[in-house]
Amino acid sequence: MFNSIHEECGVFGIFDSRISELANLAYLGLHALQHRGQESCGIAVNNDGVFSHYKGDGLVSEVFTPEKLDGIGPGNMALGHVRYSTTGGKDINNIQPLVIRHIKGNLALAHNGNLTNSDEIRRKTELSGGIFHGTSDTETIAYSLVDDRLNSANMREAVEKTMGKIQGAYSCVIMTATSMIAFRDPNGFRPLSIGRMAGGAYCVASESCALDAVGAELIRDVKPGEIIEFTKAGMQSFETHICPKEKSTMCVFEFIYFARPDSVLDGVSVHHARMKAGELLAKEHPVEADVVIGVPDSGLDAALGYATQSGIPYGIGFIKNKYTGRSFIQPSQMSREDTVRLKLNVIKETVRDKRVIMIDDSIVRGTTCARIVSLLREAGAKEVHVRVSAPPFRHPCYFGTDIDSRDNLIACKYEKAEDIAAAIGADSLGYLSVESTHKIAEEADVCFCDGCFTGRYPVPVPENHTKNKYDIKIGDFG
Amino acid sequence: MFNSIHEECGVFGIFDSRISELANLAYLGLHALQHRGQESCGIAVNNDGVFSHYKGDGLVSEVFTPEKLDGIGPGNMALGHVRYSTTGGKDINNIQPLVIRHIKGNLALAHNGNLTNSDEIRRKTELSGGIFHGTSDTETIAYSLVDDRLNSANMREAVEKTMGKIQGAYSCVIMTATSMIAFRDPNGFRPLSIGRMAGGAYCVASESCALDAVGAELIRDVKPGEIIEFTKAGMQSFETHICPKEKSTMCVFEFIYFARPDSVLDGVSVHHARMKAGELLAKEHPVEADVVIGVPDSGLDAALGYATQSGIPYGIGFIKNKYTGRSFIQPSQMSREDTVRLKLNVIKETVRDKRVIMIDDSIVRGTTCARIVSLLREAGAKEVHVRVSAPPFRHPCYFGTDIDSRDNLIACKYEKAEDIAAAIGADSLGYLSVESTHKIAEEADVCFCDGCFTGRYPVPVPENHTKNKYDIKIGDFG
Amino acid sequence: MFNSIHEECGVFGIFDSRISELANLAYLGLHALQHRGQESCGIAVNNDGVFSHYKGDGLVSEVFTPEKLDGIGPGNMALGHVRYSTTGGKDINNIQPLVIRHIKGNLALAHNGNLTNSDEIRRKTELSGGIFHGTSDTETIAYSLVDDRLNSANMREAVEKTMGKIQGAYSCVIMTATSMIAFRDPNGFRPLSIGRMAGGAYCVASESCALDAVGAELIRDVKPGEIIEFTKAGMQSFETHICPKEKSTMCVFEFIYFARPDSVLDGVSVHHARMKAGELLAKEHPVEADVVIGVPDSGLDAALGYATQSGIPYGIGFIKNKYTGRSFIQPSQMSREDTVRLKLNVIKETVRDKRVIMIDDSIVRGTTCARIVSLLREAGAKEVHVRVSAPPFRHPCYFGTDIDSRDNLIACKYEKAEDIAAAIGADSLGYLSVESTHKIAEEADVCFCDGCFTGRYPVPVPENHTKNKYDIKIGDFG
Amino acid sequence: MFNSIHEECGVFGIFDSRISELANLAYLGLHALQHRGQESCGIAVNNDGVFSHYKGDGLVSEVFTPEKLDGIGPGNMALGHVRYSTTGGKDINNIQPLVIRHIKGNLALAHNGNLTNSDEIRRKTELSGGIFHGTSDTETIAYSLVDDRLNSANMREAVEKTMGKIQGAYSCVIMTATSMIAFRDPNGFRPLSIGRMAGGAYCVASESCALDAVGAELIRDVKPGEIIEFTKAGMQSFETHICPKEKSTMCVFEFIYFARPDSVLDGVSVHHARMKAGELLAKEHPVEADVVIGVPDSGLDAALGYATQSGIPYGIGFIKNKYTGRSFIQPSQMSREDTVRLKLNVIKETVRDKRVIMIDDSIVRGTTCARIVSLLREAGAKEVHVRVSAPPFRHPCYFGTDIDSRDNLIACKYEKAEDIAAAIGADSLGYLSVESTHKIAEEADVCFCDGCFTGRYPVPVPENHTKNKYDIKIGDFG
């Protein structure tokens, strides 16, 4: 809730065999994915080859008034995207889906993830005369697709060629004049689910909760390295030459933090995985206490798991003010600490005179956590034991998660948990171990990337990583 | 969440001995009371006798931009109000606080509740030449206060006289040039809490969660029939001649539904009362099941109580989409049923193949409840047993709660719980008994008005009750 | 254009014998009167006795979206108002029409003008228990009407009684359940025109340009002291006991500055009166020159008159930037002088190397005029002779015109025209004489109030005149 | 005012030797060019090589709030653009300036005009792997510039190469990391003026009125075929190999209709040219009459010229409602005819019982003109003689003017002026001859493109010309 960890995208595509109001369904799908990106959004509609689209800054419900939705009209395919962007990157040209009008046919592209070799591809493209409007990786993928398409029999082949060039995390959906194609990097860093509607339409979404929102049934997920093509002939799968030999390495934060608990990713219920994380946490870091409470919203499931495993009663410890939306602006005189109080209030009845176990999903800078601990003490808690349903993260992510700089991370300042406990004013502190994170989805065939905890990444990462690198002065065209 | 029961107001007042940025504190207090009224709001500031104010339609965070807050400037007192209004009553003139500029001094008034004899007072006032801009009871109280003030030594005496005339529900706060006065009807239908800040300022708020929001400590509540006056000399209590002989009769829906769980009203924690309601419900309507889930947000506490009492595990059954704010407009093609799905999604993992007890705080028309039951079945629930933490309501409220018309109430259509269960598709249905509602706060000296359940009201009620009665043609001035 | 002289209101009423979309016509009528008040506006619709209304801050086109217009629905009468308000008086409660819901029938009131004895009436009303929400005179009139109605056979009689009590400037239109009544003070300070539509509906408007806007034909004006009642039986005139013995005294600024040139007030074309003022100015203050230019918009007609009379060619000297609307905000770094340049640019071709006569309708502080003179010189004008189509104003207005304080008026700082000429950098300066202002409409039976020029007022004026007088501390209700 | 002829762009660039608040100056410059495009706008700022920019739909004053202006910060160069777009082309990706982030350096581009060979260039670029986000010609120019830059010593050389490839109308300004470059097509279809500020900064603007707005002095215009480069070393001119042998052919509509009368283009005052057009019109189409009036705003200058030449008095015949901005929405019940009345009202005094000569700058469909003629007759005009200060246009423009389709043009329906006169209800009608249009700027060395009148174009034009050609299905990428 107060963390500065951010997912960077959500995608939603829908393919129908006939023309209908797919923009509305894309709207609903994106609305269900809103938690994956609140900065901007867009929808492109394909009406038998003619593309129309609209994009803007803001929430789905702000950007898409009924008039705007009507304006992009009916179609037989639609593609939508929600986006979070880092501070310097609020460029209007980065809003997705990217729509390309090309003599060989229109193309729309929506991408979730982050490439590790986009700089090289971009540089090469630029030196051969290509121009980039924005700063996102997505434009790099678009260039590659177009280039490969010119030398391929069809777009599906072009996608496979492009997958051979780009590296890193990408869960993508594209629309051509006649087909919708979904593809996912061989590591499967980011999720991508396939659904089918009663009427026969197919959907692809970053999370299954978006399938629920449009009334589609989850069939399965796009497999790492797989290409799925939807045409009037139906859905067809293509295994690519880059299909992984080993297990995939989905981002563990999708389960711990980003995804909605009602989503099922690669066959694993997010709610279940969080409950499991709570149970494992209870085994690793038990403590005598009177009540287990979770920090809303994403700490609740793990708290219930901890309570179930430990036998200590589950309690409702906090109320979040649900009117603290985008328009809420804190009066300037107030301190940052006060902000926490405005959004979160303790239910004193639950914690007064009690030994409290407080479950959160992460600690970033520690200031928010410290403030919450102090609110609990003000409300009469006798002891406050903080348990975190993830390991401490200390390393950057190269695959689409925006983590605060190392200078700000409390786990980089202090090595030992007891030092962090002291810093946030808790009586004790326990993090889930890295080993345990790999068990939260053990019933499914899912492995995880744990690079942000360990610094060991499943694929090579760039040496010099700078945000907003294209915003700095890098040459002189004059 | 989907009910058409509505609270009609929240009030917040603050009195300081020196001039400071009280508008900001009123803003924060109202923000914490936003759940009591989302239609309009206003703040009036008293700067040593000079009043400035601003009001508008919308949420506190929408109406009060930083510029608007600055515009009403600093002061030594501030008074705020949030309001819900029934469809026909969205008159700009009804937005509170009511600010009266009078030759004898300025007056601002904020009111939560509903009078039962305002028609008579209004008629009398009008026939002696008074004019009303709006249609609210509040203007009636203002007239009475001004009239009584002209024949009293001070405003406190005027308030007592007015309390002798007006009947029904009123929790009011007024500002004069030099004092803030809070008063509450002898039945205490609506809550009114007093807080003190570290610096010595006093606050009055409809709920204690607003005191928490500004960092004030809850001292106690204004007692039924009591007048509290805040002046530079401090806080003073006046028992009035109308102070109740018997116990007060607070609206039971404040505990069941309206108030925030983190509030403490008349000494009773709302969270605790709801847990208790859940426990009593478990005793009255036990059933064999695998999991107990609550409908968010107000069903969660009772669900935890039911689970605790019954020993059946508590589960997290639903996710609410937190981006479904005011700007979210459902595309016109969708059915009303779909709306539920957009706002609420089932966590399938929690309910699949299970016998589910679903706790809600009320059933109004039954359509929403029926839809939620069907969502649970679609998600694989084997049985769905609905338990409601309140009795069926079948009678109008005359004290400030806006209940749907009898024609729409499912409990008026069907007499027996099993018939309602059949209508909503549940395997069984149990309501909390009226007797039990009186036990949810038994540790405190609080009794309840149960008129909406029983049709028996603690004070006489008007015979002909029509909403928006002043909007119909009732004469001809021509 | 840059003056701080302000008209305070425009009114528009329409009466039809059948229910139709009168809110739309009121919208169009108000749009044509927008120049008389840009701060706020409102429309009330009478649908066979049931009133609905909407009001808000902003231009007619901003406040009334199609949805809002539809929301107040069809009716057989409608009443609208546009308002300018002085800085301190932006109280939402002052927006008109005032709608009163009274047991004897609904009443709506729209008023243009300013009373001279409203303080006394208000004080008396307050001391007998009346309460005022706003600070405007209009509420005083409403109180008087209601009070008189309770002791009269009908509203028309009540209006006559009220006209016997209130003093100063008032051009009013009211709606009752069954009739629309227009009345005008015996001096006729502010205009009020009557029109008839092809279908038989009647309109009343502050200016005839609003009648043109709805396709109504101007019949005549409401006479000073007259009451006009519109009922299903038609239009009926009532001469009142306060009908003037002598000639009326309309505000001369209506002709010189406020009204639109396409309006005809009391039988006199505003355009014609301004041309005439220009001609008289040419006779009084001739000068040798090469071109006559007017400062847009209100100086153009007089410039054409001056050119015609003098034989010196008329030129187009300035272009106004028509996109400088309400949303245009000048960057903070710019000086106030620059503002003039942003709004007004000189057509160099017209003035280069020429002796220029520049006609404006008024000089308030002199800073704007000085800046325009310097722009002309920068553009190459050899000489700049300023001619003003009104006398210097040096005295306050008590009848509805908001004039800058005496401290700011350049004509109060300097007695002689040549000193003002020096201050604004002009080669010469000539004001129209007071005598001549009385000749600009001599063909009609219209005389003028020239109080702001002479300090001699046609009716007694209050001794202590303070803007926003109800905003100051005047008592202590505590 | 009611015509459906549209200019498509305005550009403004500013180069300073030091960092300052140039975004503000760009804002003011664009505000002065607002008449050239009201659909969208953008500003890019170059702060020593680091580019920031903001763009959006709407007027300059709507898109650029003070916060947005501050957000793009200070710099030593700024480039702005206002844009009109045809219905199908409201693509967010078409808003200018186009900002390209390239490994060799950033580039921003603003363009006014229309290429005649962009299709070919685009096709070629696409087939070699280039991708286009939008549908505008500007992106084509950008591609060419980047490609040429990779094979040139500097950007100035690249510009010259690009000028050798692109054909049609282009008045462009670009920013590189270290320089600002302005260039204009060899025909000089669209204007481009150079100004210098007191502090030494240079400006380039589509019209000189924008130079006035920022306080810059007009030096001269960029010559057809010329490149002007601004660097810290100052301003330098480069004659290119494509510099015209013959006279340039500026768009005559710039003088007749588009440009502001206070602008001076290629040494000719627009106001003067319009006066001249009126004089020539008086010579070609004299008629006995009592008054000459112009249709505001662009008919006024020609009317004054006609009056001067003919000796018939000039009159002010119409008032335009200045509040009819973008937010003004005509109620749906009204006919299109009524719209004219809402925006334009006749000053009856001017035309009653008179023979009227009404000057307009163009007749497009004829419906608006017919309505204005009928308004004059309703106001009492005895005769209405329409004179148009341009020839009838019957042919498409390929150089940046958006003319209605031939099916709608009244001059394509009727060959003879008398037939058009009958259609619009005028007593007579006279158009300026094509020969005379070439005389309106004869004192300067300016010739005109008269293609829209004659169908003879100064450069080859495409055979198949379709608006929004990239929106149709032109291939299948699938």
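For the reader, a short list of remarks on this structure follows.
The chains carry the letters A, B, C and D, assigned in the order they are written, with residues numbered from 1 in each.
The rule is short, and it goes like this: a residue touches a chain if its C-beta (ideal position, glycine included) is under 8 Å from a C-beta of that chain, and two chains touch if they have at least 3 such contacts.
Worth saying up front: this structure is predicted, and the values here are computed from it rather than measured.
The chains in contact with chain A and with chain D alike: there are none. Centre-to-centre spacing of chain B and chain C amounts to 46 Å, using the average Cα coordinate of each chain. Measuring from the averaged C-alpha position of chain C to that of chain D gives a distance of 38 Å.
Averaged Cα coordinates give chain A a centre that lies 59 Å from the centre of chain C.
Among the residues of chain A, none is in touch with two or more other chains.
Contacting chain pairs in the structure are A-B, A-D, B-C, C-D.
By the touch rule above, chain D contacts chain C in their complex via residues 21, 24, 27-28, 31-32, 34-35, 38, 59-62, 65-66, 69, 209, 212-213, 215, 260-262, 264, 269, 271-272, 297, 300-301, 304, 308, 313-316, 318-319, 321-325, 327-329, 331-334, 338, 341-342, 345-350.
Of all the residues in chain C, the ones that touch chain B in their complex are 48-52, 54-56, 92-93, 95, 98-107, 122-123, 125-135, 142-143, 146-147, 149-150, 154-155, 176-179, 231, 470-478.
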